[in-house]
């Protein structure tokens, strides 16, 4: 899979990171953020972002919405007599501080890592004599409290199940091996066969089994592989050959 | 049968050397037939012994386990001979996510995302792939979301003996940050 | 740059520890920037140090190489840890398989599988490993499949007094069963 770029829009880890940057850049007091200023600057940044990924963009837009809503609340006239209302910015400040705290911690951790990776751990080296030691198992321990009566009850139950399952007449015919083909297995098989190849004809995949069931399973497996993006399929016309390209590199 | 302390020290070294990986004190205690508190005392003393200059290895504690590893100071000479394990490059995103997991574990993806303000699926997957974090359980809530926590590899990679050893940034510390931030602001304003 | 002997000893330990395998003195000499004769002297002294009772590892010379390994005298205690008795439990599958063997013995794997309707290779292997069932003969049929029966350990585990509650297998009995099985096989072939 291609590595998606991290949430680096320019160099920001996310909306909170961008906000912290703006606050620091402007030397704003985090506890008294001039919300109109910061909203304007924030929106300006977001507008200039060349971001195709809507998921990422939406996260920045959600914050834009939050800022605008705080700004609106700040503009409302305060009711003096009412008990002190909470500052509309307080939730944002709490989030910014929490985020800042973990960001700070991540720097500390990074420093610790620089030192820690200088230690080398060794892989196990267990002497053969020890490794080959065979544990003595006491069957009595394994049986534990199980009684013969219980064992008998289990046996009767197993036999009853068997009778229920086996048709007394048909069972005399001997067994016909039913070859279970399951789609997952078939998918794995196809992926292995065509890995890295292009232009495989669907027909060649049918060489291993020509039973109706086998063809159906192979076809379903192909559809599933296409859906999950392991292969691409082309067909020139109705009833034309189905050509398969593996999208997995060797 | 009581064994002398020196023989126990030898046995501990033999076990940790052969096993290579971190060995829980519980298992050591069972194999050596020594109760955990006594064993812990012996190991602590052993840790000091390894500090001697002629030793190239040290005994480290990782939560409730013990492991031997080389001393950091020999990194340079070792890297001439040994292929040191590849170090994962941890981007800022990964580091942020990791630090949140480290301090707030067990924690769900949703909680991490609430703190970072962005989706963390990719970062979490990478950290799991690097075996720095792992599923530690499920939250008893709708959808039974996965709870993540740090792994033993995390402790090793960051030289942390136990979670209490993480740099202190507990929620109480927010107050310090506030103070600090305030001062910074004041200084900046003054200048 | 000359390093002190103790620091060199530490470095040697660190190298041998992390390499795991035998390291030629030539490589040690190059990495440590010490000539071979000097190094050899230091290593010989180190070998004596490892002899101390509180050490669990020893430094051995193999041709022109050196290696660290676990002292033999600690194999026993190490073995206790490595081969820590796993919890052996009779799972439902094992119990079912065991009950079929107990009441239908001697019986082949194929017959057990016919009764249970699923493959029993693993269950049979486990029961043999636990010495609860064992091979008691071979069926005189194509492929000469193994006939399984319960063991004395099995009877002992369930208490001797209950022996008559189960079909006892004497050698004659096995012959009877074999005849019976043969007939069954013939019947199947005829139909």
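Order of writing sets the chain letters: A, B and C. Residues in each chain are counted from 1.
Note that in this section contacts are C-beta pairs under 8 Å (C-beta built on N, C-alpha and C of every residue); 3 or more make two chains touch, one makes a residue touch a chain.
The structure displayed is predicted, hence computed values, not measured ones.
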>> Counting C-beta pairs in contact, which chain pair has more, A-B or A-C?
In response: A-B
> From the centre of chain B, which chain's CA centre is farthest?
Replying inline: C
> Measuring from the mean C-alpha position of chain B to the mean C-alpha position of chain C, what distance in angstrom results?
Replying inline: 33
>> I'd like to verify one number: the distance from the centre of chain A to the centre of chain B, where each centre is the average of its C-alpha atoms, in whole angstrom.
In response: 25
> Hey, how far is the Cα centre of chain A from the one of chain C, in Å?
Replying inline: 37
> What positions in chain C touch 2 or more of the other chains?
Replying inline: 14, 17-18, 70, 78, 82
> Tell me, which residues of chain A touch at least two other chains?
Replying inline: 120, 122-123, 125-127, 130
>> Touching residues of chain A toward chain C in the complex: what are they?
In response: 120, 122-123, 125-127, 129-131, 133, 135, 137, 139-144, 146-148, 151-152, 154-155, 158-159, 161-162, 165, 172-174
> Considering the complex alone, what residue numbers of chain B touch chain C?
Replying inline: 4, 6-7, 9-19, 23, 27-28, 30-32, 49, 52-57, 68, 70-71, 73-74, 77-78, 80-82
>> For a test of understanding, state which residues of chain A touch chain B in their complex under the given definition.
In response: 4, 6-8, 13-17, 27-31, 55-56, 59, 63, 95, 97-110, 112-113, 115-127, 130
> Which of the residues in chain B end up touching chain A in this complex?
Replying inline: 17-21, 58, 60, 67-73, 75, 78, 82, 84-85, 87, 90-93, 95-96, 98-100, 102-103, 115-119, 122-123, 156-160, 166-167, 169, 173-174, 177-178, 181-182, 185, 188-189
> Taking the complex as given, what residues does chain C use to touch chain A?
Replying inline: 14, 17-18, 20, 69-70, 72, 75, 78-79, 82-83, 85-86, 88-90, 95-96, 98-100, 102-103, 114-117, 129-132, 151, 153-154, 156-159, 162, 165-166, 188, 191
